[in-house]
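First subunit A sits with subunit B, and in the next complex the same chain sits with subunit C.
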Partner chain A sequence: MNPLLGDRRSTMILVGPALLVYSLVMLVPVVWSLGYTFFEGNAIVGFSFVGLQNFGDLLGDTKVHDALWFTLKYALVITIGQVAIGYLLSLLYVFVLRRSSSIVRTLVFFPVVLPTVAVGLLFQQLFAIAPQNGLVNSFLNVFGAESVDWFGDGASAFLVIAIMDIWRSMGFYGVLLYAGLVDIPEEVLESARMDGATGWKLVRSIVVPLSAPVLVSALIFSINGTLKVFDSVLALTNGGPGTSTSPLTILMFQTSFTNGQYGYGSSIALLLTMICLVVTVFIFRASRRDLTKG
Partner chain B sequence: MARRAVRTGTFVGIAGLTVFALAACGGTGGGGGDAVDSFSAFINVENDAAQATLTALAEGACTSENEALPLEIETVPQTNLDQQLQLRAGQGALPVLYSAGNAPALTKTLAESGNVADFEEILTGLDAIDDVQPAAVSTIEALYGGFNALPLEYNIEGIWYNKAYFEDFGIAVPETWDELVDAAATLQENDITAFSASGEQGWPLTRLIGNYLFRSIGPDALQAVADGEAELTDPEYVEAAQAVADLGAAGYFGQGVGSITDDVATNQFLNGSAGMFYMGSWALSDFADVEQNQIGYDNIGFMPFPNVEGGAGDSSQIAANVGLPITMNARSVDENTEAWLSCIAENWGTTALTEANRVSGFVVNEPVSDTPALTQEVQDRIADSEQAVLWFEALFSTAATTTSQTNAAPLVSGSITAEEFMSLVQADLD
Partner chain C sequence: MSSITSAAEAATRPSPHRPVRRRRPLRTVLARIPALAAVGLLLIVVVGPLVWLLLGSFKTQREFLEQPVWALPQQWSFDNYVQAWTTGNFAQYLGNSALTVLPALFLMLLLGSMAGFALEVLVWKGRGTVLLLFLAGIMVPTQLILLPLFTVYFQTGLTGSLWPLFITYTATGLPLTVFLMATYFRAVPREVFEAATLDGAGIVRSFFLVGLPMVRNALLTVGLVQFFFFWNDLLIALTFTNSTDLRTLQVGLLNFTGQFGSIEYGPLFAAICLNVFGMLVIYLLLNQRVQKGLTAGSVKG
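Here is the complex of A and B:
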């Protein structure tokens, strides 16, 4: 194996095609987009150099501030929801359902494979108030409560988004974390039990520390996915009412492709990229701590 | 030596592939005379009358043109139209015909970059310029900075009402804003939604703000904003947003207005759930649809937007426009597309009226018998109108148009105040 990988020509032949495709579809657009941040204009009217003006505008733009706040709020809430419920599901699979967990795993995983737009439409109908009540409002009416215009207010629309996205993805995190939990040696668990660790104590002192690597992976998956949320919000609320559920991605999309401001849109994209990088580095650094040492 | 040659070759190969791929991604980039193999039309999905009329022409008066260059219609939701146009224009991939953007400013931009045909020049060359009504051309020129769009519709806007409800509940046709609010209150007392409006689209709500401004401040109210002589945050402008917000606060738009789509709003009026409906005369085709219209065609009345007491404008200054018109890609102009254009100019007026009950800005070259009374009333009002006004966002940028329309539902549902609404839109105008 070593002689093969030691030959630069062989390495180039093996890695070259993939590297070329990756460069063309990922690196070139990223660098290209970075270049746009110093320009204003679009593909129709052309571009003119504006230096750092786009970054200056970012600082004072209330729409960016609102979108950034929504993005961070969404990422935090959904990440906690996805990973926490996913972890609880994985504990359920391993310690309660054990070998009979496959049918539950399949059912809970099912929403993951549904198209996002279909799920968005489903939840729109579930929480509808016009032209007629959806299931949720009908349910409220049964108990004498008034119908709620879930999509008429930013806070309630956010709640629906959170419920939908957690429901949609908890099965994925359940399976991901389940894979980590089944790797914990049975002997370790057995000896912990013999030492008197059961229930919550077993989970806190043995299971969580030993599943920390996969938990960190799940957190990084989740935080990066939620920071870049686009399709589910677009399908469910289109960023509304007004712009109260518009994350940075939708603002970037509208700025670039509705308002024709490619440069400013790219600056918003760069801001989002930097946030993803900072958050990922922060999680990596935090995860270096040895959880087994309390 | 051999290794160096291989390395150089690899580098040249990668560089070549990169340049090739970038060139492929870069679009055509300009130049004229793109090869046209179909008469592609990219139309907002809500404009079913334009689709129906084009199809009728392809199967009727323009059969030979359709054989030479087959019609292909592609639709897009109106809320995504501006994005799609910008993306396609950037890639040099605009179709032959396409719906002009929601904001006239976008069509102006596309025209400046050579993506829009000059219909004055082409129709004059085709000896078809007389097939277009001068009033429609002048409206288009005022909006788009030139004869850059085809007036497939020529509409007036106002409030359509259910005559039976007005009679049953003793409501006189309102002539002032206060009377309109009273009429709404009476309808609500009788468990009828006062106004049917699509908050999802937003513009049916902002139209009310625009019309209030034209009545209270005068027909130049929004020109003054466009010229920088006034701001939407001025008290007399905020008053208009407040008046519309008050309608929402009183529940006159019904529940969940932000979720109501264009179709649902139309249905609510036509199934009798709502008593009034602000809309353009393009809705006549929906009114004439017997399956959709459960309240009866003759049961629908029209009133212009009422006066505001003490205002500088009056209800004779009717809101008129060319709907969301269709324009043509300048790079697609050739012998076949010109033949299609000539056929459209000659036959659209008659076909739109007979097929879709739609009044257009084209001359009706063949007399149409049995024009429904409501359609005739619209035609008469267009003919009698001495001064027309535009709409709230007509002179706004794309960004301000989007902000206005996406924040209309929060305004009437009380999520934002009238001051906040006007400040948000003004911020995009500054």
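Here is the complex of A and C:
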């Protein structure tokens, strides 16, 4: 113990304000929000106690089922897409471009810092059909294909969302995974090459296992972000057509603020939080088990 | 988590894989062609939409409706930008964003670095618990705290001002800031602070006079990362801006098409452009730091 750096009053002065603000604005509301799940009503008309009714409704509500299904489908597809393409990019940086990769890395990373709303509106125009074809449909026409009404049904709208979100984030995962690959000692790769492992064989048997920890953290980060997707879907399709591209976050927002059902909205938010926790713990444990086996 | 931060530091280090410079046989040169084609395609996919956006921002409504989409603008006039800036209320939205994001950043960095210092350098009972408490905040989705906050802001009469945004940004940024600042203070030898305290500076003073200057690089990195989170935020801004006067840049942009009735393509493209190329300026100046910071911030889940 160090008496020099152990003054109670100074500690309070330094950590107190942050702890106070954090508790009041984040911790208390979390508990409060859990309390809301037993009530119905909102801030303007007041609340009344309904017990476990909100959770009962959650189980039988087809809107929730659809939103949950979309959220899971979106999270799975985008996570795999982001991490896989990010990994390909990082392999490209490390093994093909090598020291000249800096400029490519910087360019591909740029969309990451762009406001999602701006990117969403841009992609709306890229995939537009009326009143004038966007870049993508014009491109299809050049090859003799018909213009596609991308936002006309759920499946093609989903495809556009997926393309946009992967376009937006692949540079991020490229750099994140690149950092993991750079840490692999050159001697290990060299000796593997001498043993005759080249190309994909080298990647599969040496590079992938050695970069497993950073792959796992990329997966966890990606799934947590994609389960909570809000901005990109809201800006691009606003959940439509109909509610075919509404994730839980948009459903929660509409339930709470458009319909004024705070209790039910909180229940949806809680459901989302639980899914994030369960998935994170699941990936974490699955990866730990694999590592001890190998 | 430590693997991520150390990995992020490595991101900016020059690669240790040194290719040995020697004359390559023709076969290996040919073998590189598919890879180079892939890089070319990659760059077209990344840069193409942005170039198209920039070109579009100079076109008139007529050109949008009658010319093919890849036609160059007929003249380089800034009318669209002027219209986006004035009729589109862009000046006000920019002001609102700056007025909430910058003070929130300042307060968050101040409180966060103080707490990070106390949690990493100082010795006291319960600091492990408090650090864990802050870490838990990184996992909390914003959706879970919106409704209680909305109720409180409504009942205290803060709704209808920019205060809810400022307060919410400051607090939601704290967990990650505290965590990252604690990590950075770990790298500073404790003897420095012990010496400062021995010289009679007092702990709080030695934090401000010795500690803060030593981590000013870290402050810039963390500030930059949080700047992107706050500036690009839509969820919090959408929840707490209940009138046109309060809209931030993102909320304004989302409602942009509504301003004119029917879609005016030129001003819309110009508005998106202002948003995109404003970020480009910051990114060009600080891209190494941005890449390093954002990947280090990936513990935020």
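Brief remarks follow.
Assume the second predicted complex is superposed on the first by the 266 of 294 C-alpha atoms of A that agree within 3 Å, B and C clash if a C-alpha of one lies under 4 Å from a C-alpha of the other, contacts with A are read in each partner's own complex, and residues count from 1 in each chain.
Please note the rule applied: a contact is a pair of C-beta atoms (placed from the backbone, for glycine too) under 8 Å apart; a residue touches a chain by one contact, two chains touch by 3 or more.
These numbers come from a predicted model, not from an experiment.
In the superposition on chain A, A:D149 makes contact with subunit B only, not with subunit C.
In the superposition on chain A, contact of A:I161 is made with neither subunit B nor subunit C. Judged by the touch definition given at the top, the superposed model places A:G240 against subunit B, while subunit C stays out of reach. In the superposition on chain A, A:L219 makes contact with neither subunit B nor subunit C. Taking subunit A as the reference, the larger set of touched residues comes from C, when subunit B and subunit C are compared. In the superposed model, A:L272 lies in contact with subunit C only, and not with subunit B.
Contacts of A:F110 after superposition on the shared chain: subunit C is touched, whereas subunit B is not. Of the two partner chains, subunit B is the only one that A:Q254 touches; subunit C does not reach it. Once chain A of one complex is fitted onto chain A of the other, the partner contacts of A:L210 are absent, as it touches neither subunit B nor subunit C.
By the touch criterion defined above, A:L176 lies against subunit C but remains apart from subunit B after alignment on the C-alpha atoms of chain A. In the three-chain superposition model, subunit A touches both subunit B and subunit C at residues 24, 28, 43-44, 131, 253, 257. On the side of subunit B, the complex with subunit A involves touching residues 3, 6, 10, 14, 17-18, 21-22, 27, 79, 82-83, 86-87, 89-91, 106, 109-110, 112-113, 115, 254-260, 264, 267-268, 397-399, 402, 406-407, 409-410, 413, 415-416, 424, 427. Contacts from subunit A toward subunit C in the complex involve residues 1-2, 4-8, 10-11, 13-15, 17-19, 21-22, 24-30, 32-33, 36, 43-44, 89, 92, 94, 96-99, 101, 104-118, 121-123, 125-126, 131-135, 138, 167, 171-172, 175-176, 178-180, 182-183, 186, 213-214, 217-218, 220-221, 224-225, 228, 230-231, 234-235, 249, 252-253, 256-257, 262, 265-266, 268-270, 272-273, 276-277, 280. Per the touch definition, subunit C reaches subunit A in the complex via residues 3-4, 7-11, 13-19, 32, 35, 38-39, 42-43, 45-49, 52-53, 56, 64-65, 68-70, 111-112, 114-115, 117-119, 121-124, 130, 133-134, 137, 139-151, 154-155, 167-168, 170-172, 174-175, 178, 190, 193-194, 197-198, 202-204, 207, 228, 231-232, 234-235, 238-239, 249-250, 253-254, 256, 265, 268-269, 272, 275-276, 279-280, 282-283, 287, 290-291, 294-295, 298-299, 301.
Those residues of subunit A whose C-beta lies close enough to touch subunit B in the complex are 9, 12, 16, 20, 23-24, 28, 42-45, 62, 124, 128-131, 147, 149, 151-154, 238-244, 253-254, 257-261.
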